[in-house]
Each structure stands twice: as structure tokens, then as C-alpha cells.
Amino acid sequence: MDWFEGSIMARRGVAAGEARARHTITEAQQGPYRYVYGPFVEPVLRIAPGDVVEVETLDAFGGAVKTEADLPSKVLKMPFVNPQNGPIAVEGAEPGDTLAVRILSIDPRGPQPAGTTALLPEFGGLVATAQTAMLNAPLPEAVKKMEVTREGGVKFSDRVTLPYEPFIGTLGVSPAMEAVSSLQPDYWGGNMDMPDVAPGAVVYFPVLHADAYLYLGDCHGTQGDGELCGVAVEMNSTTVIQVDLIKGWSIPGVRLENERFIMSIGSARPMEDAARMAYRDLIRWMVDDYGYDETEAYFLCTQAGRVRVGNMVDPKYSLGASMLKTYLA
Amino acid sequence: MDWFEGSIMARRGVAAGEARARHTITEAQQGPYRYVYGPFVEPVLRIAPGDVVEVETLDAFGGAVKTEADLPSKVLKMPFVNPQNGPIAVEGAEPGDTLAVRILSIDPRGPQPAGTTALLPEFGGLVATAQTAMLNAPLPEAVKKMEVTREGGVKFSDRVTLPYEPFIGTLGVSPAMEAVSSLQPDYWGGNMDMPDVAPGAVVYFPVLHADAYLYLGDCHGTQGDGELCGVAVEMNSTTVIQVDLIKGWSIPGVRLENERFIMSIGSARPMEDAARMAYRDLIRWMVDDYGYDETEAYFLCTQAGRVRVGNMVDPKYSLGASMLKTYLA
Amino acid sequence: MDWFEGSIMARRGVAAGEARARHTITEAQQGPYRYVYGPFVEPVLRIAPGDVVEVETLDAFGGAVKTEADLPSKVLKMPFVNPQNGPIAVEGAEPGDTLAVRILSIDPRGPQPAGTTALLPEFGGLVATAQTAMLNAPLPEAVKKMEVTREGGVKFSDRVTLPYEPFIGTLGVSPAMEAVSSLQPDYWGGNMDMPDVAPGAVVYFPVLHADAYLYLGDCHGTQGDGELCGVAVEMNSTTVIQVDLIKGWSIPGVRLENERFIMSIGSARPMEDAARMAYRDLIRWMVDDYGYDETEAYFLCTQAGRVRVGNMVDPKYSLGASMLKTYLA
Amino acid sequence: MDWFEGSIMARRGVAAGEARARHTITEAQQGPYRYVYGPFVEPVLRIAPGDVVEVETLDAFGGAVKTEADLPSKVLKMPFVNPQNGPIAVEGAEPGDTLAVRILSIDPRGPQPAGTTALLPEFGGLVATAQTAMLNAPLPEAVKKMEVTREGGVKFSDRVTLPYEPFIGTLGVSPAMEAVSSLQPDYWGGNMDMPDVAPGAVVYFPVLHADAYLYLGDCHGTQGDGELCGVAVEMNSTTVIQVDLIKGWSIPGVRLENERFIMSIGSARPMEDAARMAYRDLIRWMVDDYGYDETEAYFLCTQAGRVRVGNMVDPKYSLGASMLKTYLA
């Protein structure tokens, strides 16, 4: 039996994990890409629980950085970065429910070199920024293009080829009444840049607005922990997801499961607050659904919890705390 | 000569500091109060630079906490807190300009005791919250009502009467393309809870959206540094402001001046980032407008800068860094 | 009546606030200055409660920066900075007691210009440091010398003269079993750089080691909030203090009182933790000694507490939270 | 060829990776255990580069928590926790050199159940502490004892058995002139609680004082990322290490290598500063020793760096940033 059959999505979803109608959102179907997560635009697509959607995502630069000579400060028009597909309305989703998004596949799309990373002024984990404001001069801008293929991996340099480990950098639902930049991660998802949001995983989001309004974009060919300079292996992609709805399961933030573990994701600053959010929610999940009492869950996280640093560069930092399923059986 | 005649607003404003047409926004004229700062609603009023507006603001609880028995968790409907008046469209305001808001007066409004403070679950500077997530049990909820008058001050208790030192807790303009909760302060203003945003001050905001879309609310009868428990002396108010527009002055965040000093306000987490933002902008302002070079400004801030902690409880903390005008002459 | 007669030091001190024997610690008497706060050296002086000590302190550079050409990286030998007088053994002091230090006077000492500030590589509140580690290039080093006199103030520049507002930058007692750099502030005092540690104030420290082992140094002619570039108006000084001992008063960290207010000082990173420490201790102090219950103290701090940012540059940041004595009567 | 033959220790150590004389430090030989890392005590043992030392370490409670009824607040005498073996003087070590410590084996020692975890008042990652000071009531104290064996793993509960993955929680050298609590991690090592400090790894420390003065203790049977409640699977151990000295290699903080990766460890608060320290040092190491230029190293860390959260509970948080050796070839 595939692990997915035992997943929360398969066990509790309205569609019981079955894949139903298939849709596409091509670039043409999308029309204008979106730069905020919010409820103030019309859905680009309406789907039912169980439906599968194949999406043509743009990279975080909207494809504007075509060569290493295209400096971001020249070709980008702020704040129009990190374009998103969506919103996708999910029938029947109401506040208090949970949306389940199973990631089926992610493929690079478009001409090679498909991958882009860059140093942008006043952005990144090891430079002064608008928030960690300093008087030091910024680093010089730089762009690096990389060939990215499913088979050949990421050709980082003559010296280094990295495995192709794609994931969705920005994925989530509309806040209840806000419309927030797609650069920001928060309890509704968004720009978490968490490498575990990858094919094989199911990600859970709290529904905060009627019909959920799912957004996605910003796929990466691979990424290190923390997305250190702020720009992973950005690429246009064809991404396929399967969506389901879990009625009456109310969660306070983003959760994820895959074959091996369950994970709670916290997004906050300073970084320890993101870690606290993630671990507290993981403990509460273990208490609610896996028969632990709080002290025992706290002890087990102390001895066996794992932390993944998604990003240390976005408006909020995202960390995931996880527990192996073998310890939850 | 009144200091205001030498203010940036009076010297550089479209209306040159002159008070022109007078408007009101009563509760009835406002109709629905607003819970986000954003561009997605119609203005409640359109004004020209120089116009004066008398506004009936609601307290942060929308007036729902009428007695000490009205526990917030019972009478509030989240996330509908911190209701705002506005948006007020200002003719001619364009991104790249600066909006000037002179605060003329703030008076408590409605039946006594007009002032409310409270302990809310998982909210405040000395308790575990959704972000500084912990396993400790929350404090018991509590409400304290206080008589607040211009003449008699704030009757905190039989033992203590505090001076009436009113200010606007939440004041700012619409972000460019986002719509963000009125609980949050940011570079467009919002819920800064900075006691210097008081009668006698002029506050400057970067215009980020056509017509600026000014919002305000959340007036306080007085407040300590940091707004420690998260709830100041909240009150309904009648607040009078005079608005002007400075064309072509582009500022990166909120600035303020009064008779004695100029101040830059930073909002961020952790708190040191808010302090860094505030001080860096103050230095840049001293360089741009007061003839300092960067090193000399950095040295002078080191020896004579002052820091005010507005809030240490909101989604971002707000700190102001200020310099006496006597050192800028 | 002088307020001091009602101070905790005068009311509860072993010497009841009386000034007794007078001592000196000249440069010659000090011999080697100290670079750590700890118990592993012999006292330079033994005193009894009530005794007054006149101390010749060195500036934070040990006097090595004599002209604006003396770049710190050239003339300093790390980690030998911030030299301290002491330790001064106080007879009868035992762990669990509190040491009271009343600051009587601080005068600049030595040739003019007596004051020094500087930009040091990778040190300061608005630059990348060893901890807030970044890849940006450091700012150029710089030194500024200033004339400092009691009468004439601090001649910052032709344009600006600042008032002479001296205080002790580094003051405290030995930790119980550690010996910690005099650059660091902590619950035993040390390098707090808090401008309220000034003539007229009484500062209270928890005794952690037999005989307390008092250290002091690092006097400043004036300083802004946060000591932004990391170097205030550093000067050699003649400083006079009166020491007393409060038996059986156990405090968790540094407290202070002057004519107007009581203050608790917290030292930690991130900055909000320093603020939390300061405010929590202030509340507990109000509960223990001033008849408040915890909720009422929390509410009063929210409406009337004041926060002073001592430093935002040292290994821990120091913030003070204070309450006016008029609200404690 | 064993990877160790290509390690920095084997290639550049005075003893060239050869194991030479063997020593023991039994409990009796140790005599008084140490609670600070510093230079103010006599060495318990003098060794030469290449020597192997078998050490009887105590657990963090000094063995005082023998049963689940031994509440830490009852049986511990603060600040005497986290007892350390040492200091071990290493002949020829001088400031500017690097000490290499290869971990050969760690075995639990003493009667079963050998492992202890606990909830202590105001200590841990998900509770209010002395620094993250709050008014919430503390959690109830609790102790959990666990059988720990090399073969059988850690018997966490009837439901869960964890693999035996031992490491040294506290390991490092004396600071230059300070003596700092063994509870604190810093650039000299100390209480990093980093699970990669395990058998098979070589850990490098900057020599800050003549003869290095190596300390160790606080072995754990296993631990999750962050050591969430502050207390891992604490156990008495027999730990065997091999020490070498690398002359003229000056490093700014702790580094580590094992068969798969190199790692730099940063210890600071807030947590992002620890991450910045770790990643900046990793980049500098890649530049100095592996032929990368800074931008290329920054890019590679962005795409392939890994972050391990050692502790989020100690006076400083410890994070490690690592790079696979396959990308350094």
C-alpha cells in the first residue's frame, strides 16, 4: 500500500484522495499573474475537491532575468516580483476547514538555462537589508544562470552538479480579509521556501476565506537550507497538484506530511519564534491526533524532533519542525 | 513665530501649512469601519491639501467593551478589531510624494468611563503569544475601565491619576498593492502606537497609492512606552487633523516632527531591527536635509539620539529615533 | 528633606545612608586595571558599608587613543579594552544581599580634548558585526576627539555643544563563579551603558560572591540612547561613589532609583528580551515593595511605564524600565 | 582509505593523525568537576598532540537525578550544573593555533536506566525563562528516566525506542581571559548541544590560551534538533577522544568535519545571528581552503547548504551550517 492511502488527505478528504477532474492553468489561461495573496480578485479557475490542476508557473522574476547580463535592479519593476498563479476557488471550502494540496510533479519549463540565482541589493541572509538596516555598502549585483533538467540535475558550475530536488517556493491560501505580498510567508502559507513542499508531500492550509482561494508559484530546482542569498534555483515550471478539502479540521497554520514524517511550519521573526511556533504546533498535533499527552510530546520532540530552516531571508523566516511517523504509530 | 511655520509641512506643502476646507467624518458618515489598510475600498471622503478633518474614531474594541464584565474573548469577533476611519482620498497625491498629517486635537468621546484597558489571552508583551509560542497557560482575562477627561486626566485608580496625553495609535496610508490588518504597523504607518503621534506633531507618510488613502483610529488617552499589555487607555475620540501634500519628497517610511525634535520610526521584529531602521533613516534624513555627512550624523546620534519604544506587542514592534532640532540648526 | 533620605539605601542600608570613611583608588593604587568581572583576583581595596571611594577611571580605550590619528585597530591590543577599577571588597557582603552604589560625582580627568568617540571595524549598532555577521565591507575607521568640561559641556563640533551629562558606563559586581569580559552587561551589571547610572542615582546589584567585588570604569561625558556607534564620549574620570549594603534583600538583577523614578534594567538579546526582563522585574518590584498586585502593576506599566535603551551594541543589549515614584506613593 | 586520513587533522596536525599515548580521566582522577570554561584552575592532565584520552564524564545533573522522584529543583544546587572534565593541557598549543578533537567513542556508564530528561522551571524552548521573561506560570516539573544501551538504543517509552546516537553536548577550550559557565556555548565551544559532535567527527577549536585547556562533559544518548525542553537524554559516559594540534591555523570559531561534510558552528541570539555566523564562516572557509570565490560560495550555500539547529535553549543558540565534501572536491 502506498503511504498516501493512509494520509490525512486520503482518509479525511471530501474526495478521499481520489484524483478527479483534470484542469490546466496555462500562462494564457492565467492572464495577469498575482502579486498578493488575498480575496480581492476573481478566481482564475473553480475546482471541486479531488481535482488535479496542471499549472504553468513563472519564476520569481517573472522570467525577466534571461541572461547573466539582466541585472535584477534593471529588469524588475518593484514590487512586481514573485508572480503567482491563481486564485483557484475550491468548492465547498469554508473558514474552519483545511485545504489539502498534494504535489504530484514539478518540471522545469522553457529554454535552457532554465535556472536563475542572483545577488540583489539589500536582500539576502548575509547582507544589510531594509529591516536589518545598516550603513555598510551593498554587495555588487550578480546573476548566475544554470541549466536545470529532471535527468541532468542543476548544473551549478563546471565543478558542481546538484541533484534535481524541485519544490514549490510559494503556496498557500487567501487570508481572511487581508491581501499580502507574495514575498511573505505566514500562517496561510505563501513564500515559505520550504524544500519539503515537494513532490510526494501533502501540504495542509487553514481555510480562511470562502472557497479558499489557492495561489502558487515560485518553483525552485533545488535550494539549500535558509535560501541564503534570497534567490534559489528559480525556474518557470509545469507543476501538477491534486487538491482536496477536509471539512471541520481547523488548523492554526501550515502542516505537511510525506511518507516519512509530519511537519508543522512556523513563519516569524526573530527565527526562534518561527521555531517555537513550529514545535508548539507539532506538539499540539501529536496530542490531538496521535495520542500523546503534552509532556510526553514535548519530551519526544526534545529527543527526536527535526528542524528544517526554509528561509532566513523573507519578511518572515520559515522553519519546519517534524516527527517521524514511526514514532507516531 | 509658532514653530509650525518652519515645519516641513508649512514650508513645502502644497497648501503651505494653511488650513483650508473643514470636513467631518462622523460615525454615520463613516458607515462601515475598516479593518485593513489597503486600496480595495472606496474612499469615505475626498479632500484637498490643506483641508481639516474632524473624525469620530472608535476605540480598538469598536466600543464593545462597555463594562469590566465585558471580557474581550466574549464580545469581540476576531479579526474585527481596531476599526479605522477612512480611507480619505487626498487629491493630487501620487506614489513618490509624502503626505503630511498635522494633529490638531484629540478628545475623548462618549459616556464615562471612556477609557478601557484589558488583558487578552495570548496577547501582550509579557505573555506567550501566537508568535512567541509557548506551552505555559495564559493569564486570566481582565478588563479595567477608567474615566478619561481632558481636564481630569486618566483616573487609573484611587491611588493614581495619570495626565491626559492623548495620541493616535493607528494612522497611515494604504500600501501600494497590499491590504494589511490595522493591527500591524509598517513603513506606511498603521498600528505604531507611538505616543509622539500626538497633538502638536506633524507626521509624514510615503504615498504608495494614488490619492494616498489615509486611515486613522485607535486613539489612546495615554500610554506607557511599549504598550506593555497590548492595550493602552483605549477610547472613542473626536480627533481633528490637517492634511497636506509634499510633492516630490520621497521618504522610505514614517517620519515625524514637533516643536522640539525630528523622529524616524521603524517597525520590525526583532526589536533591534526596528531601532536600526529608525536610526538609519534618521541619519539619512540628517544627511539629506540638515547638512550632516554620514559619519558625523552617526556620531551625533551616538551622543545625542533618543529612542522611544512605541509598542512591543504588535505584529511588528515600533521604535522612534529622534534628534533635537537645536542640534540641526 | 533630600529624596535620598527616603531611598532604599538610606532606609535599609547597613550604614543607613551615612557617608563614613573616605578612600581613593588612584591609577597608581589600582596598578593593573581589570578586563573581566570575576572573583579570581585580589581586591585592590577593602571597604565597609557607608564608605566613600574616589576612583580614577580610565576611558574604554585605556587612554590609548590620544589624537584623531590614533586609529583603534592600531593602538588597541584586543581583548584588552574597557579597563576597570577594582575589585573593591565590601565587608559583610554575602550572596543573597544587595549592594547599593550611590553615585556622588563624575569629572573628566586629564588633558583636553578629554572626550573620544570612534568608528571601529565590525562594531556598532548600524554595521555588520561578529554576531550579526554579513558579507558587506566594513565602514572606514574614524576617531573624533572632543573637549569635555563640567562647565562647558561636550564640544561636539563648531555647530553643536552638548550638555555635560556624565554617567558610569560599566559598573557592577563579580558573578558567582564566572569571570566575564568587562564589555558585557548582565544581571550583575557590567557594561550596561545606561545613562541613568549618573550622579544622583543609587544603583542596586545582587551580591553573588563573598565581599561583592565591585568593579567600575568606562565613564561617559554624555551619550545618546543605544550608544549607536558603540563608542560614547569616552573619558578618563574622577568618580566618587558611596557604597552600602542591604542585608537580606535578594534581587534578580540590576535596579536603580533616583529622585524621580525606580528602574529595573534587563540585558539580553534580542532586544525585546531585555525589555521583557526589565518590565517583569519592575512589576515584581512594584508587587513586593509598593503594594501592587500583579495585574494592576502590569496595567500601570502599560499606561505609565518608561523604557530607556542603554546600549544596542554590546554583547547583550541593556534596557531600563521605570516607574515614576509619584505613582508608587 | 579511511576518510580520516584526508582530514585536516591528519594532514596538518602535529601528530599527523597518529594515535599516541593513551590516558584516562576517571572520576577519581578528575577530582572536582568544573562548572566554568576558563584558565583559572590547574590542569587535571597534560597531554601531547596525538594522545588519546578516555574520560569518565558525568551527566548534566552530576548524577543527582537518580529516579523520577528526584525533582531537579530539589536535588540540584545552582549554579552547579553541567559538570565538566578538565582542563586538559595540550603541550605546545598557543593562541593562533587550532585544537583538533577526534571523537572515537561514547558509551553510557553506570546503572540503568542511564538516561534522564526533565522539565525544569523556567528553562526550555517552549516556556518563559529568565531572559524571555513572562508572567505566565511555569509548567510543572517532571523527570523521565530511560534505559540507554549501545545495542538497545534509548527506550523512550513502551511505544518508542530511539536509536543510540550519542554525542558530546559540551566540548571546548578556555577563553583567553574569561571563565564562562559550562551552560553557555560560544566561539570557544562549550554547551553547543550539536548532535554532529559525535563519534566519527573531528571538531576544531581556536586556541585562545596557552596549552588550550580542553574541557568536556554533558554526553547525550540522542537528541532532537534544538534540544527543545533543554534536557536531552543525559547520561554518564565513557568517552574516548584523540587530540591533535594544528599550528598556525587560526579560526574564528568552532568548525567540524566528518566523512560527509564540513560545518561551521555559530552561537548567538537571536537565532538568525547564529545562522549568519555559521554561514559566513562556512563561506570564508570555502574561500580560504577550497578555492571558491566569495560570490560563488554564497551562491552554493544558497543552493546546497544545510543548517542544523543544535540548541534553542541555552544562553546562546547554536546552529551549524554545512557543505557536502563532494561539492568541495
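Structure notes:
Think of it as A, B, C and D in the order they're written, each chain with its own count starting at 1.
Just so it is clear, a residue touches a chain if its C-beta (ideal position, glycine included) is under 8 Å from a C-beta of that chain, and two chains touch if they have at least 3 such contacts.
Here is each chain with its UniProt name: A, B, C, D = Acetamidase.
All of these numbers come straight from a predicted model, not from anything done at the bench.
Distances between chain centres, each the mean of the C-alpha atoms, put B farthest from chain D (Acetamidase).
Between the chain pairs C-D and A-D, more C-beta pairs are in contact across A-D.
The distance from the centre of chain A (Acetamidase) to the centre of chain C (Acetamidase), each centre being the mean of the chain's C-alpha atoms, comes to 48 Å.
Between chain C (Acetamidase) and chain D (Acetamidase) the centroid-to-centroid distance comes to 34 Å (mean Cα coordinates, whole Å).
Rounded to a whole number, the gap between the C-alpha centres of chain A (Acetamidase) and chain D (Acetamidase) is 34 angstrom.
The residues of chain B (Acetamidase) that reach two or more other chains are 126, 132-135, 139, 269-270, 276, 279-280, 283, 298, listed in rising order. Contact residues on chain D (Acetamidase) toward chain B (Acetamidase) in their complex (touch as defined above): 126-128, 132-139, 270.
If you check the complex, the residues on chain A (Acetamidase) that touch chain D (Acetamidase) are 117, 119, 124-126, 139, 142, 144, 154, 156-157, 159-160, 162, 222-233, 269-272, 275-276, 279-280, 283, 295-296, 298-307, 309, 312, 317, 321, 327, 329. Here chain A (Acetamidase) touches chain B (Acetamidase) in the complex through residues 35-36, 38, 40, 79, 130-135, 176-181, 252, 266, 268-270, 273, 276-277, 279-281, 283, 294, 298, going by the rule given at the top.
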